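When the chains are written out, they are named A, B and C in that same order, and each has its own residue count from 1.
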Amino acid sequence: MSLSQNPMMNAAISPPSNAGAMISLERASRWYNQVIGINDVTCKIPTGITALLGPNGAGKSTMLKLITGQLKPTTGQVTIFGMKPFANPNVYRRMGYCPEIENNYDEMTGRQFVTMLGAMAGIGRNELGKRVNDAIEQVGMTANGDRKIGGYSKGMRQRIKVAQGIIHRPDILVLDEPLNGLDPIGRRDMMNVLNDFASEGKGVLISSHILYEVEQMTSNILLMSKGRLLAQGNIYQIRGLIDKHPHRISIETNTPRPLASLLLSLPFILSVKFDRENPRMMEIETLEPDKFYSQFPEIIMAENLSVDSFDSPDNNLEAVFKYLITG
Amino acid sequence: MSIARIANLTVRYGSKTAVNDLTVEIPDGCTGLLGPNGAGKTTLLKTLLGFLIPTEGSGEVLGMNIATQGLAIRQRIGLMPEMDCHIPGMNAVTFVALSGELCGMPSKNAMSRAHEVLEYCGLGEARYRNAETYSTGMKQRLKLAQALVHGPKLVFLDEPTNGLDPAGRDEMLALIRDISHGKGVNVIVSSHLLPDIERTCDGVIVMRSGRVVQQGTITELRSTTEVQVDVELREPVPAFAQRLSDMGARPIREQGSSYRFAFPATLGNLGQAVFITAKETGAQVRGFRPAQRSLEDIFMEAIE
Amino acid sequence: MANQQNPATEMGASVSPIADLTYRNYDGPLLNRAARWWVVSLAVLRPMMKNKGYWAMGGLCLLIYIGALMQLYFTGGIQDAVNPGQIDKSHKYASVFLSYFGFTTLFLYVVALIVGAGSIAADNKANAMMIYLSKPLTKGDYLLGKWMGVFLGIFLIAAAPPLALWVYCAGSYAGQGFFSNEPLLIFRVLLLAAFVSAIHASLIVGISAWCKAQRIASVIYSGIYFILGTIIVQVSRDGWRPAPPDRLVQYLSIQGCIDGLSKLIYDLPTSGFASSFQRGEAPKMPSALPILLIAAVYIVIGIAAARAKIKAVEVVKG
């Protein structure tokens, strides 16, 4: 089945709730001369955490630049809170942005850096100090705020970047690869910071390569591929749609042969294969996993067989995306 | 058999102690080196390469002393550094061939070997291009190629999947897995991405503040003491979890639509119990397997 | 090993008929480590051979010595054409070489920039140090390799054009006592080229090691070269007249030092052209030791600066 017939986009057009949409793109495209950055993207990004995924060169950065108003769409529209973001300070006032690039203010302390950017954001002198303290506390950098950025670890740098992004109390925070290069502790702390921010009813849009991290943060995703929006919405919903394609499930049991003959009698089982090394393992292939999953327990219970484990190697975000992107 | 052995190693940079009284034995095969930033992983790697003269203690790599035989050690190991790096002003084959020549390979051998290794690392036609024009993924492959060109017995990989997209990561991990299994190369991988380590390594060493706080094979570390089961549902069903815990199972974790429970022995056939509960609560079971502790659990436990 | 499981047993062969074309170990020959620095030098020299600017400078230097050749050709050998009566016959051709060398000093400085400014700076920028030093290579091997590469690059341009002139003279004026009067001339040519190359190579490598871009290194070296040069010329001159050759202050700058070395090596107090304008008493030779000392200081400073910067590990501040 080719992608053009793929039902994925239908799911995309009706995401679960549009009520909280803060950012919306309407047939937005952006070219760089002849090179296409993103192509005809329509989507709405609600409050809460949304992850922007896709391989290198899929158009993620272009998308973020359009949303943060650094680029203007060649055709189509981008709106944030009903306004066009390109070179629009009214939008910037309500949006925080953490670029992927490392800043070079190594000689400043974290506090000075945040203060400087806060002042640039137009926060009044009398309020600035308190805001800086709040922002630094929110990202858990109070203890290290007065050290020079040059001596920061990657995690601290990321957090100070977030502090700079939330200093003006935006409603949307856009982050490009915020977890890149963080150690597991830094990653967990960063996830907590972002979760806290999102739990106040605000929007967070992050781009990421690391799918298992995304899985831990949100189930709401946008998947880009070759400049186009390939899928958007809830991961479970997307996974459900993929079920229409051949699906592998491996089963470990004490009674592989009797179970196999039972399964083979089911019309929707395509094949049963025994593992070469482990005689207790087998792998089945089915075109209708939904049917399989709903009937499998019945069979087991009716025949009083025992199953030690069963799962699908395709059953994670990574496999889902590999499938979607490679087609 | 061990490929490296460190005894009571202390390394100081000026007044800062990076590694403190470290004793560790690194087994052959593929070993993951984990730890938060500043735990001393990089210092340990540099010490093993013979770059740093330890303040105290001793160590050997492939049977050679780290304090006195740095050159001999570097002859037999390869390093894939964390940061972007290449020798400027030349295309990728020339660069990799030069890396080989720096290890003493005659230039003809180095050149043919460079082509071979670049092909293996998946750089194909791009090898005739200058490394400055490479994407992150290609740079990572190139760094791996230059580390392998002289046929090392041990390779250090520092954050090999940093900045790669999912497909690039898969390929890099497959390469690492391949060289470290059945090709006679031992590998030490240092990474922050624990699932990467889980997929490639046989054993792990967890460091914190310059000390080893956990070490073992992944299989050994991941086994749980009680019977734990991971149940994967099609979508989150709170009633399912509630019902199972009413039956005596102890919920351990819930993430999206996957649940982990500890089961008391009294519950009988686990599969049956899970299936029955699912049926009663209208949940569709998508997967069901004995739980293993994830490397993340092991890691967090070790460093806290 | 991957393909040992299923040998083609009936053939008695120990290898599988299907080759494993994935990764294999390298067990070919390895060269002696003593030659390792030479690999680094070659890596400096190879791209240089493709650099048009480098060959352009070489061409200009050659053109200058062709000028000398024309002068000799049209005046029919040295005779007394250059400066009648002032130079004894054991230094006649030397005075030509010295004069024309003076015209090439600026080009040699440009060659030094082309060859040397990026030698280590480009490595710093690309983090190549990590690659070099993770190989069985010491800091000394690396530095020697870089230095030698730069040195040879400059030396080629400093030595080849005057050698060409020398070959012409040897062919044309052997009958006029070219060999018998000045047997050491070829060694003087090579020695001067070596000294000049060594000073430039050491300084530019030293500066390059502290920079992250070829351009920055070029700017810094040019700054030192010209500003110091101008100051020294101002300090040492006699009103509007240039300093007499025996005034040592003038040899403190880089070009001053090179100038002094050329006088020492050709054993002449002034170049042929300068002396023809000089009146009054004959100029005195500068004393050798101070000039050699200045040259040595430049070479040592350059190498020491590079050595201090090249490290396998960057020590984390903390």
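Everything below uses one rule, namely that contacts are C-beta pairs under 8 Å (C-beta built on N, C-alpha and C of every residue); 3 or more make two chains touch, one makes a residue touch a chain.
Just so we're clear, the structure is a prediction, and the values are computed from it rather than from any experiment.
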Find the most central chain, measuring centrality by the gap between its CA centroid and the centroid of all protein CA atoms shown. B
Farthest from chain A by Cα centre, which chain is it? Let me know. C
Could you grab the centroid distance between chain B and chain C? Build each centroid from C-alpha atoms only and quote it in angstrom. 47
Expressed in whole Å, how far the mean CA point of chain A lies from that of chain B is 24
Averaging C-alpha coordinates per chain, one finds the centres of chain A and chain C separated by a number of Å equal to 57
Check each residue of chain A and list the ones that touch at least two other chains. none
Where in chain C do residues touch two or more other chains at once? 318
Which bits of chain A are touching chain B when the two form their complex? 54-56, 153-155, 180-188, 209-212, 215-216, 219, 235-236, 240, 252, 290, 293-294, 296-298, 300-301, 306-312, 315, 318, 321-322, 325-326
Note which residues of chain C are touching chain B in the complex, please. 1-2, 22-33, 36, 39-40, 43, 46-47, 118, 122-123, 125-128, 130-138, 312-313, 315-316, 318
Which positions of chain B touch chain C when the two form their complex? 13-14, 16, 18, 46, 49, 51-52, 71-72, 74-75, 78-79, 81, 83-90, 98-99, 101-106, 109, 113, 116-117, 120, 131-132, 146-151, 178-179, 182-185
Which part of chain B faces chain A closely enough to touch in the complex? 34-38, 135-137, 159, 162-170, 192-195, 232, 234-236, 255-257, 269, 271-272, 275-276, 278-279, 284-290, 296, 299-300, 303
